[in-house]
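Shared between the two complexes below is chain A, which pairs with chain B and chain C, respectively.
== the complex of A and B ==
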């Protein structure tokens, strides 16, 4: 009897091993691809960060140990810390507004009696269809430019003085946030819309029978149900917002088109204080430190996600 | 059914693997070098590229020339370096990157292909600009400097300011209600350098020492401030260019690249010498950029004869003449100026005159970080209203840190 059970167990184990083997085999191409485009560059950056690869040692670079990290940590001065704080504030503000606005818009899109739903959806997706670079520069010249921008034309019509929207830290922060929201909202709305549509209507029907109002239905049914669906999208967006470069750089810090604002995210700060030196070893060390910071944040975030 | 599913899975695996393997093989596979084919990267406007292509086709008909436009040429070169399968044979770019690429070790001296006698007919300024550590790394083709341009509809020839104080007086009289007497990209290093040179200053010394907190630079920034107050808050090209083209600004300091659009807009364009700084007696001296052809090491070794032919062709005065006619470029080769068409071109002649006072952009690697640091200093002083001395001292420190970080 015992022998039979052992044999069965062995067979089962063999079958399981085979399944695991096939699972790995089938996902091998994807794993190789991810390895090539994601893991390899990170490992290579880690390797370069240990070398003295710079303009003066382009081909003959050698491993110099942790010297670049020592120098990179020296960059962690008041400028770096204020950029880090600004980045955290930027991420929080953007995420909160994004989630609230996307939720409201997605809820409006899901009103039963809404007409032209598809038209509104297409319209809301529009910012996604345009290349980010073009959108950002259009906002810069079309809206915020003090000479030709729409905002100042309105100010003029109202009899007010022209404003240099991107020149001070606070107004630049607000302008960057507006542009970032414009670029990021389509994704969040789409996810929220999908999540809202996946909720079983019978929940609401019973809630209504029980006398629950809109607010209670939102708190006790909608939010808990969509939370696990939108969580991955939120995590992805937190990271893309945290490592935002294009919006801030193109609006305020672009070489030859600076506006006078000192608002920096971690990446624009690192760009101006390291990447322009052509010292790839040093720049890689900084990239790895920023990568480690992101990992730290993701680990923190994970803990909150899994109660 | 199960078997069918298994087969489908296998086919999918193969369908993903095959392109992956092919791509990887494609990346590592060296392309067969064709000795008679020369690939040239450039970032020039179409008119320049077309004129160059036509001239080369005429002068070296046996060589297959491939001109490829690259928008981020220098970044691509840093990545492809000397890899024959990815890098071009030659590239056309301004001279200010010579130091970076020479130190990287990817450039071959052009004197290996062009005789000293040929180079002796070039403007001294252009040869100085392309020499790095006593070696000539670029064959100049044409050069650009900034010019004082004005719209004759608003600024008469006799109103053109000879000195900076005259310019200031003109600006005071003609600025307001959406109009500007004079506009320029006041807070960018490339434009601001003209004012700094006008005070006898410089952004960086020849040996790579930043000079941002020097007496001359600080005086220039302080003096320039009152001009900035009468200009728009934006410093970028599109705003300045549009104001001038739309007739909202009477005069500007701009590059020759502004000329075609100004003429197209029907502006009666006047070009005048740079104003003199009253305090120093020196003219505003803009940076000049020498555009020319660089030879990459791998091509110098594997295709030396073809490269020689192409460089010889590019040193022919007819190339400079064709480019001047196509796009108003000022030729680097003095022999081009004997051509009657060039002798009569007002803008090309103005640029040749400015070449006498222009300062070639530094070509040392350290200059790479100075653009950003100086840009920050200018926006701090001009746009954020920071104190000149404090901002200059801070910028100097920043420049020293960044230069140290290059090593």
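== the complex of A and C ==
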């Protein structure tokens, strides 16, 4: 079959067909692997989302149409809409703090007379270098744990009562934000630092000669110059923040060790419905909705930058 | 006047340095705390006068981690998974990335677009579907199944990242060699691969770190403790014996992190250039 086709192509247009054939031949292992492990499960998830599959209907499930989507999108107390709102709030809060803090710290690191810059940078890179899940678990046990967590030891020293940091929604949200910032800031600082270093110093010199203060220099020189440089990294970070699973799951939602907080991002919500409450159909519908949202975002942002 | 200005600058610099020292210390508190607990002999966890320097130095917790737990078995599992995944990933991604970078053929742009979109799909979301598909094939609780999932998940990234880097290598070099009569295979082996070394190293490292750090598939798909990866094992250490083993858990965390930390700091320069040239630029 392959040979025949190849011959036919050869006769038709000599160079072109052969190139196409070999290009696909050599890409085949990679593309087949992606097809099997990534594309097909997504399609299958789409199929499951149309059924009533759950623990009781593991084999004898039936197609129920768009019922799961209705439940997610139209029922106000289904939990999906509140998870969506929480995720948006989470993304906005995290991104704003991240950008501001990273900008300030990178600016401080770029002050000319700071000789130990490299040393500080190396130390500040540690949270990025550590395996993410290890850091999160260390935060959970080392900082937030109600018995031997450092925070509660300090509270005790101050004569205050021990607090169960991860058990209520608001404080769990704050704790997750702190940990997420701790994990994500080093990367952002690196990006900002690189962008700041790429600015031509002569701009500032002439601006100072013209009498522009720090604030004016920032608004008119620094920010416009670094914007296009940091934009791709910022967009990627928005995506990873929106898709955050590890921080929230490991801190508060671990299977068998839930802390009682109801703060969910979309991903932990979908996970809970698949593996804890075993509503496979419903969870798949949520997965497809999340995927659609992500497609919408990336269609708006990333594809524009392609040549 | 001048002196005063100099003085002010110097004081400002002192404050700046103090600020950064404090910041670095605060940033490192969780790691320092774990380090100190893992080396501490007394179980002084509940006493209120805790210090960041262990009062009585000991290596017992590390001994317990290395010989009391199954960490060596887990390390072996992780090593098998990591080596196979990296090898397969590179073997399938390099030819594909080269074709997508150098050849023009129908469907090329469509596949590239699809890859960008697929890259935004979080693997957790299709985990249940993957589980249901692998179970009838007997690939649950088996290394082969996990390797399949890992290579497939990282295939999008590997292809994309290396294609981006191949794009930056000038075609003229290859054309010159082709005029001299070199076949495509020779050309790739002798010219392209040596030039693409930074990107290949970075891709391999990213795949390696991914396998090293992946816990959710490893805990969901592998049920026997003898098949756990390091990540899954560490996860089980904290989940089963919450309070009792905090020092052991801290020691295990440090042990598991060390390889990744050293890879990161050794390859920091490569990381930035290899990633920005290929992946991040998209």
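A few points about this structure:
What we mean here is this: the second predicted complex is superposed on the first by the 207 of 307 C-alpha atoms of A that agree within 3 Å, B and C clash if a C-alpha of one lies under 4 Å from a C-alpha of the other, contacts with A are read in each partner's own complex, and residues count from 1 in each chain.
Just so we're on the same page, contacts are C-beta pairs under 8 Å (C-beta built on N, C-alpha and C of every residue); 3 or more make two chains touch, one makes a residue touch a chain.
Note that this is a predicted model, so its numbers are computed, not measured.
When the two structures are aligned on the shared chain, A:282 is found in touch with chain B, with no touch to chain C.
In the superposed model, A:198 lies in contact with neither chain B nor chain C.
Using the contact criterion defined above for the overlaid structures, shared-chain residue A:257 touches chain B and also reaches chain C. In the overlay built on the shared chain, the residue A:71 is in contact with chain B alone; chain C does not reach it.
Touch criterion met: A:274 reaches chain B and chain C at once.
Touch criterion met: A:141 reaches chain B and chain C at once. When the two structures are aligned on the shared chain, A:167 is found in touch with chain B, with no touch to chain C.
Residue contacts after overlaying the shared chain place A:33 against chain B and chain C alike. When the two complexes are overlaid on their common chain A, residue A:55 makes contact with chain B while staying clear of chain C.
Put chain B and chain C next to each other and count what each touches on chain A; the higher total goes to C. The contact surfaces that chain B and chain C form on chain A in the two complexes overlap at residues 22, 26, 29-30, 33, 36, 141, 145, 147-148, 254, 256-257, 274. Residues 22, 25-26, 28-30, 32-33, 36, 54-56, 58-59, 71, 141, 145-148, 164, 167, 254-260, 262, 272-274, 276-279, 282 of chain A are the ones that touch chain B when the two sit in their complex.
For chain B in complex with chain A, the touching residues are 9, 12-13, 16-17, 20, 24, 78, 81-82, 100, 103-106, 185, 187-188, 190, 232-239, 242-243, 365, 368-369, 371-372, 375-376, 378-380, 382-384, 402, 405-407. For chain C in complex with chain A, the touching residues are 9, 13, 16-17, 19-20, 23-24, 27-31, 33-34, 37, 45-46, 48, 50, 91-93, 95-96, 98-100, 103-106, 108, 111, 113, 115-118, 120-122, 124-130, 132-133, 148-149, 151-153, 155-156, 158-159, 209, 212-213, 215-216, 220, 231, 234-235, 238-239, 242-243, 246, 249-250, 253, 256-257, 260-261, 264-265, 268, 272, 280-282.
Across the complex, chain A meets chain C through its residues 19-20, 22-24, 26-27, 29-31, 33-34, 36-42, 44-45, 48, 105, 108-109, 111, 113-114, 116, 120, 122-135, 137-143, 145, 147-148, 150, 153, 156-157, 182, 190, 194, 232-233, 236, 239, 243, 245, 249, 254, 256-257, 267, 270-271, 274-275, 280, 283-284, 287, 290-291, 294-295, 297-299, 302-303, 305-306.
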